[in-house]
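This report concerns only the one structure given below.
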Amino acid sequence: MVIVATGGEELKPDEYLYGKNERVMTQLEFEEHLVEEPQFSAAQKTVVMIQCVGSRNEERPYCSRVCCSTAVKNALRLKAKNPDAQVIVLYRDIRTYGLMEPYYREAREKGVVFVRYEPEDKPKVEERDGKLAIEFFEPTVRRRVTIYPDTLVLSSATIPRENEELALMLKVPRMADGFFLEAHIKLRPVDFATDGIYVCGLAHSPKNITESVAQAAAAAARAGTVLANDTISVGGVVAVVDEEKCAACLTCVRACPYSVPVINERGKAEIDPVKCHGCGVCAAECPGKAIQLQYFRDVQVLAKCDALYGKEEVAA
Amino acid sequence: MSEDDFEPKIVAFCCHYCAYTAADLAGSMRLQYPPNIRIIRLPCTGKVDVLHLLRAFEDGADGVYVAGCMEGDCHFINGNFRAKKRVQYAKKLLDEIGFGGERLEMFNMSAAMGTRFAEVAKEMVERIKKLGPSPIRGGKTKKDGDAL
Amino acid sequence: MIVGERKPMEEIEAMIEPFDKIIVLGCRECVTVCSAGGEKEVGILSAALRLSRKQNGREIEIKEFSLERQCDHEYIEQIRSMVPNYQAILSMACGAGVQFVAESYPEIPVLPAINTTFIGVTEEQGYWTERCQACGNCILHLTGGICPIARCSKSLLNGPCGGSSDGKCEVNKEIVCGWQLIIDRLKSLGQLERYEEYIPIKDWSTSRDGGPRKVVREDLRL
Amino acid sequence: MKSASRLEKVLESGQFAVTSECGPPRGADAEVIRKKGEILRDVVDAVNVTDNQTSVVRMSSVASCFILKGMGLDPVLQMVTRDRNRIAIQSDILGAAALGVNNILCLSGDHQVFGDHPKAKNVYDMDSIQLVHSVKTMRDEGKFIEGEEIKPPPKLFIGAACNPFADPFEIRVPRLAKKVAAGVDFIQTQCIYNLDKFEEWMKGVRDRGLHEKVYILAGVTPMKSVGMAKYMKNMVPGMDVPDEVIERLKGVDKEKRAEEGIKICIETIQRLKEIEGVSGVHIMAIEWEEKVEEIVKGAGLYPRPQV
């Protein structure tokens, strides 16, 4: 039983002067300043936040989901400590989804300014005379505006942890962006296609804590359905040998990736159904057609072929 | 029959763990791909039998392909490699009888490659459209000297 | 075991050209083990033949059937009732099986679908090599257990020819020099001096050169 | 004397023997053989006639030997076991002896895949050592292989080939011992370019006293070009051509390379003469018979003794 819960990380951006100017920071870093440094909030006259940094672009087409809510939360926290601070959020779409919409409204009521930008015309950040200058297009007044904030906060993308090796080890699939892929988006949301391996949290996709907890509970429950039993029933997809036809040629013994088939005391191939993984390699290789994979027997596969083109008669 | 109004019938033998899931994903992603593809699910492409490939053609398929996991990623260690070799063998056999081995192909994709699944489907439909109907459905055989 | 391989499709197709109803007859012994003529190969060959015929607009009816062995009368009898309904039997057995089926059914052509290649072993899955030429007079005790008749391209009995280099045969670099193997084996047995024992000119009368051979065990005959 | 062979007489008299060879033509013209015989007359003691060498069909060795014999030369009948069974071989031996051929060289022969009839069935009823044994039995015991009496038996001086450079090297001396035990009278070796390796082999031969039981004629072949040297090195099985030989040929102008090849050959012979146990040389000037005289003279082996 394996639950893949590798978590995720905040992307360290390589744009908007991040790492080059100490006034530029990520939301997590900003939050730390707010909490750990009592004077920090008071010193902030103007704060600009840029959303969708590293998300929803060509490299990472996905929405990182937590950044809008985090930006609103941090803006409100600053406002609570320093009501005079001016907060401007440059966004593409505000996605304070679920029950977080009221915070968005509250922020607007408290004077946080939300300004939309287009991905083709992203805000420009540069240093001018030792100050941080942010230039952007303000759509309501239809003018380019430059602001000199005390702090620029980047709502940076959520990225998966380095998990390629683990994926190869468990032989479970990942999306192109590196998040693990469940067996089925709707029908098997915390399972992998491989039995006994489950996924939850940021390993699977960006999500907030409530969602992570819910998914973790789901994964634990799925694992529990197996662990709670004294015995397990294995799937019926196993290879069976027709001893009459078996020439004891050893092809299956050599072909099986799990070394399951053996030649028994009757001189025939024998496949232990509990050990069989059901891949069907032996059935395909058997030169005597003595092995059939249950649920994928030749007649069944061929019946599907026949049925596809309207043939009713099934050749055995 | 012109290339335009010929709608090929294509059978895709898909591995449960990757190509079949990729097909599912292609659906969830609302990706469009030609409706000519008929999928037969197998636990692993290692279950693909040369006989099944030939029988699909006998049943009237204009093209057949096998879609397995990325090389090195087979859920059952190396089933996709075996499938690749069998496809090569069957292609040679189809060439030998003048049917044309290019009507059969092997592809590799991961479960996350919904887009690739749709692409492969398109690619195969285009290829078979160019080749025309199966020789047993009135198409030309390679022995007629009309090789593409 | 006897190792064989399927004949080229073109040759088989030419052979069955006059017929529209045939039996493709597999054998569950050696040729199954070496994947030349077992039930699976019967299925593949039959499908390929049907496909080939269909594309040329002339269908062929094929009965696919496999016998336990084609080298025993009793098994061959199993197809007696179906034979009259067909025009030819395409046997996927070794040459012995093809002939024995033919002897049982003189009224119908029995055709070979595989080339019987040699008596050999499975080196690994899908890879078979020759070991014995059935000369009828085994000398393996003299040559370190490696047969110079089967494994030397010239069947030399007293040592390698001058063409052996780097352990490979002069015929082709992919062939291991049989005598190199014998010398290596004698060395590992600490019996290299046995190489100098002269092996006299061989009595080939026990081989095919003595005419078709037979083995009779009077004590076993009914 | 075992035979009326001139070669045998030269060797028996303790003199350094010289043999050469000629390949029969791929046609029915006896003149070709006569011309080659004329070139070699008085230059060497005996002339080998190859037997469908490299498995390419040529005029019969027995017939070619007969033509040379008629010219007063002493031919060595090469006989491979590839193409004839024991019936044909014994028959040809009787025929050759009746035509006055006094020498036979027993060989297994190149495999037929190298020749112009690669689809042929080979025979190999016996190997070269068994052939040596059979000829000796025929000559000394007057018996056919199956024991029937021969009246009269063929009197042949029996030779065999030896390749000191083939693998596995450790049985190269034992293999000679086996041939000696089977009854061989003289040995002609594969072309020698790697003298160090040859000397190592000869030492092994002397250690077992084999040089006292058999005459060893060391084989040499003059190189015509760098291309030939490379071909022999890379393409001819069991041939050992050291790089320095190729380098030496490369070191001279293209038009002088053939001359250099002759020079190397002469130097090789001079060194071979000094090796204890070497009783003569066998000069295989492949389709270059006209140069044999130059080589023999250059090596100080002319004139040939009158025996």
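Note that the chains are named A, B, C and D in the order they appear, and that numbering of residues resets to 1 at the start of each chain.
Heads up, the rule we're going with is that a contact is a pair of C-beta atoms (placed from the backbone, for glycine too) under 8 Å apart; a residue touches a chain by one contact, two chains touch by 3 or more.
Quantities reported herein were computed from a predicted structural model and do not represent experimental measurements.
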item	value
Between the pairs A-C and B-C, the one where more C-beta pairs touch	B-C
Gap in Å, rounded to a whole number, between the CA centres of chain C and chain A	58
Inter-centroid spacing, chain C versus chain B (mean Cα positions, whole Å)	36
CA centroid of chain C to CA centroid of chain D, Å	40
Centroid distance [mean C-alpha coordinates] between chain B and chain A, Å	30
Chain A residues counted as touching two or more neighbouring chains	255
Touching two or more other chains - residue numbers and ranges from chain C	40, 43
Residues within chain D bordering two or more other chains	none
Every chain pair meeting the contact rule	A-B, A-C, B-C, C-D
Residues of chain D defined as touching chain C within the complex	82, 86, 108-111, 113-114, 122, 124-130, 133-134, 145, 161-163, 166-168, 170-171, 174-175, 177-178, 181-182, 190, 237-238
In the complex, chain A residues that touch chain C	245, 247, 249-251, 254-255, 286-290
List of chain C residues in touch with chain B within their complex	8-10, 13, 40, 43-44, 47-52, 54-56
Footprint of chain A on chain C - complex, ascending	28-29, 32-33, 35, 38-41, 43, 66, 122, 124-125
Residue numbers on chain A that touch chain B, as the complex places them	168, 171, 173-176, 181, 183-186, 193-194, 237, 255, 257-258, 277-281, 283-285, 293, 296, 298, 301-302, 304-306, 308-309, 311, 315
